[in-house]
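Same chain, two partners: chain A is paired with chain B first, then with chain C.
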Partner chain A sequence: MSRLELTAHGGVKALLKNRYPQLALLVLMLAGYIFAIMAGLIGSPVGSSNFSIVFVWIAWWAALILVAVPVLGRGWCSVCPIPLPGEWLQRGAVLGPNSHTPRWRGIRWPRPLRNIWLQSAAFLLLALFSTILLTSPLVTAIVLAGMLLAAIGLSMAFERRSFCRYLCPVGGFIGLYSQAAPIELRIKNKSVCTECIGKPCYNGSAEGYGCPWDVFPGGLTKNTYCGLCMECIRTCPHDNIAINLRPFGADLEQPAGRLDEAFKSFVMLGSAMIYSAVLLGPWGVLKDAAYRIGSSSWFMYAMAFVAFICILLPGLFALCAAPGGGVRTFRLRFSRMSAALIPLGLTAWIAFSLSFVLTNASYTLVSLSDPLSLGWNLLGTADIAWQPVLTAGLGPAQTLVLAGGVLWSSRVAHRAAAGSRISPVPAMAYCAGAALLLMWLLL
Partner chain B sequence: MIRSSWISWLVVVLAALVVAFAPLPAAAVQPPTERLFHLQASQYAYAPAELHVNPGDTVTIELISTDAVHGLYVDGYGASLEADPGQSTSLTFVANRPGSFRFRCNVTCGALHPFMIGRLTVGTNTMFYRGVGLSLLGALGVMLTRRKPSDGGVQV
Partner chain C sequence: MKRPEFIARLVVGAAVLGAIAVPLILWWRTPLVHAQMAEDGGWNPDALKAAVGVPLQLRITSDDVVHGFAVGKLDIPAVDIVPGKVTNITLLFQDPGTYTFFCTRWCGLNHWRMRGTIEVVGDVAAANPPHERSRPLYTTLGIDLDAPRSAPLTPAEKPVAALEAQQFKDELAGYMSVVYYRSRSPYEVWRELRADPASAARGDSELWNMTASIWRSNTTPQAVAEGEQLFAQNCAACHAEGGAGDGVFADDLAAAGQASLQSMMGDSQMVMQSPARLTDARRMLAASPALLQGKILRGGMGTGMPSWGPIFTEEQTWNLVAYLYSFQFEYR
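On to the complex of A and B.
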């Protein structure tokens, strides 16, 4: 499959090897992140006029799901500020390696937890409280601060970016969907890596740190666990690392067959469906149940939420898409075939987010002008009235995105089924059925 | 083989264009009438939350707020109104654009305000049926155009 090496251009390579541009972006993001926490704590309690809600759940979310993930894959992770303070403490340096590395514990992450089950659980937990999280500035601030503190704490105890790799609820789904993106970091020549002494890309050198994501680039076959931090580009003494432009969905041509990744695809698809029904649907009873945390209706909602995502969706898929065979065979088929849900899941989130973002985008101007709700009018837009943006084109856009998702998922299902010598039709029917349900909810 | 795959894709694309843009067969045309809806608004829902009218109907929505100040904005029509607690106000518009439209609260009314949403369907929700058609065509297109791998298949 054809690739275009972007780092073959000297300017691109120099930009990526230089630590200062990335550092500047990271510091800017960290400042914005801390400001969002502050705004959530001391700003207006009204979500639609609070910087933390507006910039995290409308502006950042739109940038992430509509642009960054589909186009750049894990591009966001390369400038995400969450691991930054912990990593600085862990390394004892802000830029390149120094000779006085602090003696933190640097424990290896426990082997049984070296998967994305915890990330799926963390996402499920946040999704379960999404009505509060998306609307309460205080809760958003607490969650943002909690993630920052957790990342710092784990950096002190464990080696590398354990929080990003194994716990971050956002990183989990970015990794899953980054397989669909047309950007990848890969080695150029495998034999160079095989013969390389010391493996500085993994172990670090005077030029840079060993892979913070605990990945040996020589073995990279998909985007899921590469955070595009660019360290290996800096450390490789053989200039053997490239950033490539490639066809969309290239990683999905050869699905890996891991059960934790398969489960993640159900978590994400199911959450998009439930969000579409609860947040964008006309059913007040559902919204009420999801919002009244601790009430009996919320417990019923929570049970239905978990049952739908963890039992019904995978159960139906198991029945129709991967039946037969022994336990091991079934498990492998199930995991491989579930790759078909990745394009549909991504397009489901795009379709859901389009609706949410376009109708609420005008709040960003208000919030920018008065970010702490102190009566400022920095940009002269503090008093503009709410106005939906481009909603006339929303339905056609969502229709095209979801139908495109079915087409893409069908291609992946066909490929995965051929690899397992089973019929792709049940998995394709499953994807089409899921898309029709989403269309019914969103259109 | 490659040539026949391209022909299949061309057929699928042409069929998709038909599904996307061809006028759908109209349901039995109803003469335009006046439709009055009494809509109760309370945190964070409308009752009734789903309205169905025929194209050309003159729609009057009387909004009655039962708790806080609520509003109503109809996507696609741009019509809007506000109602104070215990008060009712109304708006009238001609439903001359078929399809499904969200109506939503346009006055900040509490935590779930951005999600206080209802649905107005004018005639048939053609976008949904076009979406169904395009999705099925996409899946069918893959079945018609993908070649069976001659190798690489691994029995698991």
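On to the complex of A and C.
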């Protein structure tokens, strides 16, 4: 499959090798992140007027799901501020390696947890409380601060970016969907890595740190666990690391078949469906149950939420994996076939996000003009009335995106089925059915 | 430590500190008055201070729903307070005293309790001599506001004042004074008319029409219209626009019951009552204007009926009372 090496361009390579441009962006992001926490704590409790809600759940989310993930894969992770303070403390330095590295515990992450089950659980947990999370600035601030503190705490106890790799609820789905992105970090020549002494890309050197994501670039075959932090580009003494432009979905050609990743695809697809029903649907009873956290109706909603995602969706899909043979082979087939849900899941989230982002985009101008809800009008846009934008094209755009998702998923299903020597038709029907359900919910 | 590392740490430290300190300082330097539904705290702060002749600039925001802001007994229009927006209001007080500011929107079940005070200190302006503080009529008359009252007799049809006013003019000359009207209930007046030899020959309904005429002669269409407006803004949520006591909040209040009141006031002795039915002829015809004035000024003392004394001017109160009788009399 053809690749275009972007780092072959001197300017791009220099930009990525240089620590300062990325650091500048990171510091800016960190300041913005902390500002969002402060705005959530001291700003207006009215979500549509609070910087933390508007910029996290509308602006950032739009940038992430509509642009960053589909185009740049884990591009967001390369500028995400959440692991920074912990990482700086862990290393004892902001810039290059420190000769006096602090003696933190540096424990290896427990082997049974070296997967994305916890990330899926964290996402599910937040999703269950999403109605209050998406509307209450205080709750948003607490969650943002909690993630920052959790990342710091884990950096003190465990080695590298354990939070990002194993716990971050956002990182889990970014990793899953980054397989569909047309950007990848890969080695140029495997034999160079094999012969490389000291493996500075993994262990660090005077030029930079060992991979914070606990990945040996020489073994990278998919985007899922590479956070695009660019350290290996800086540390590789053989200039053997490249950023490539590649066809969309290249990692899905040969799915790895991990059950935790398969489960993640159900979590994401199911969440997109439930969000569409709860947040955009006309069912007052459902909305009410989702908002009344702690009530008996909410517990019913929570049970239905978990059952839909953890039992119904995988259960139906298991039928598509054509039971037969041993449990082990079925499990592998099931996991590999679930890769077909990745394009559909991504497009489902794009379609869902288009709906509420276009509806609520005008809040960003208001919030920019008065970010702390103190009555300012910095940009003269504080009094703009709420106004949905481009809604005339919303339905057709969502239909196109979902139709594209079904076609893409069918293609992945076809290849995965060929590899597992089963019929792709049930999985393709499953994807078509899921897309139709989404269209019904969204349109 | 190498110089680049030092500078990087400095930049990071400044960015982190700035992101925390700048919002905090700006927030600290821009005090806002927050409006929340009474169940969630009402106005915060709810006690403000001002000085006579010195503009009091308020920056008010709503933390939940649309509220309204007005100051009792002050001739300023109510201003809407929109969620998440800051509304600037400047108040200028001519007289010292304690003023009550209140919400003018039906914002929630306990909307009526969403009040605060402005303590205004300073000298009385020469141009604004202090009004002689007169005791409300109901206290002068020693009326027990909570005593049960019921007219033993009510008209078969709604008495009409407008058509009969001229007809009874001479007969009612002795009954027309404001003091007489305000201190007696319609039923008491009807009974006195029945006992009066001058009108003893008239039928029951005619006497009720004469009573209605007395009520009409003590108000004006404009006053009744203002009373109607006040009623619609402040009373109809519970008492209903038609006065039947089944306003949009009546059921919710009944459902919330005592807990709703106690959450506000912390008084376990309070008992939620249904809003009075102003269309109930036995109740209303047994109530004098002074009694209704007292009910309005004092409120229901824990029954759910708020006190309007700090809000309405004396004129507004009498206009409202005049309007309340329109549920019994056709006199507009």
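Throughout what follows, the second predicted complex is superposed on the first by the 442 of 443 C-alpha atoms of A that agree within 3 Å, B and C clash if a C-alpha of one lies under 4 Å from a C-alpha of the other, contacts with A are read in each partner's own complex, and residues count from 1 in each chain.
The definition used in the following text is that a contact is a pair of C-beta atoms (placed from the backbone, for glycine too) under 8 Å apart; a residue touches a chain by one contact, two chains touch by 3 or more.
The model shown is predicted, which means the values in this text are computed figures rather than measured ones.
*Asks:* For A:Ala432, using the defined touch cut-off, is the partner it touches chain B, chain C, both, or neither? Pick first, second, both or neither.
*Replies:* first
*Asks:* State whether chain B or chain C is in contact with more residues of chain A in the superposed arrangement.
*Replies:* So, of the two partners, B touches more residues of chain A.
*Asks:* Once chain A of both complexes is superposed, is A:Ser49 in touch with chain B (first), chain C (second), both, or neither?
*Replies:* A:Ser49 contacts both chain B and chain C.
*Asks:* Considering only the touch criterion stated at the top, classify A:Gly404 as touching first (chain B), second (chain C), both, or neither.
*Replies:* first
*Asks:* Contacts for A:Pro282 in the overlay, against chain B (first) and chain C (second): which applies, first, second, both or neither?
*Replies:* first
*Asks:* Have a look at where A:Gly198 lands relative to chain B and chain C in the superposition and call it first, second, both or neither.
*Replies:* The answer is neither, since A:Gly198 touches no partner chain.
*Asks:* For A:Leu30, select first, second, both or neither according to whether it touches chain B, chain C, the two together, or no partner.
*Replies:* In the superposition, A:Leu30 contacts chain C only.
*Asks:* So in the superposed three-chain picture, is A:Leu332 touching just chain B, just chain C, both, or none of them (first/second/both/neither)?
*Replies:* The first partner, chain B, only.
*Asks:* Would you tell me the residues on chain A in contact with chain B in one complex that are also in contact with chain C in the other?
*Replies:* Dual-contact residues (chain A): 46, 48-49.
*Asks:* Which bits of chain A are touching chain B when the two form their complex?
*Replies:* So the residues of chain A in touch with chain B come to 46-49, 131-132, 135-136, 278-285, 287-288, 291, 325, 329, 332-333, 336, 355-356, 359-360, 386, 388, 391-392, 394-396, 398-400, 402-404, 406-407, 410-411, 414-415, 418-421, 424-425, 428-429, 431-432, 435-436, 439-440, 443.
*Asks:* Which bits of chain A are touching chain C when the two form their complex?
*Replies:* Residue list for chain A touching chain C: 23, 27-28, 30-35, 38-39, 42, 44-46, 48-50, 85, 88, 93-96, 98, 370, 372-375.
*Asks:* Where on chain B does chain A make contact in their complex?
*Replies:* Interface residues on chain B, with respect to chain A: 42, 44-47, 49-50, 73, 75-76, 99-100, 102, 104, 106, 108, 111-119, 125, 127-128, 130-132, 134-139, 141-143, 146, 148-149, 152-156.
*Asks:* For chain C, which residues are in contact with chain A within the complex?
*Replies:* Those residues of chain C that touch chain A are 2, 4-5, 8-9, 11-12, 15-16, 18-20, 23-24, 26-27, 30, 32, 59, 61-64, 83-86, 88.
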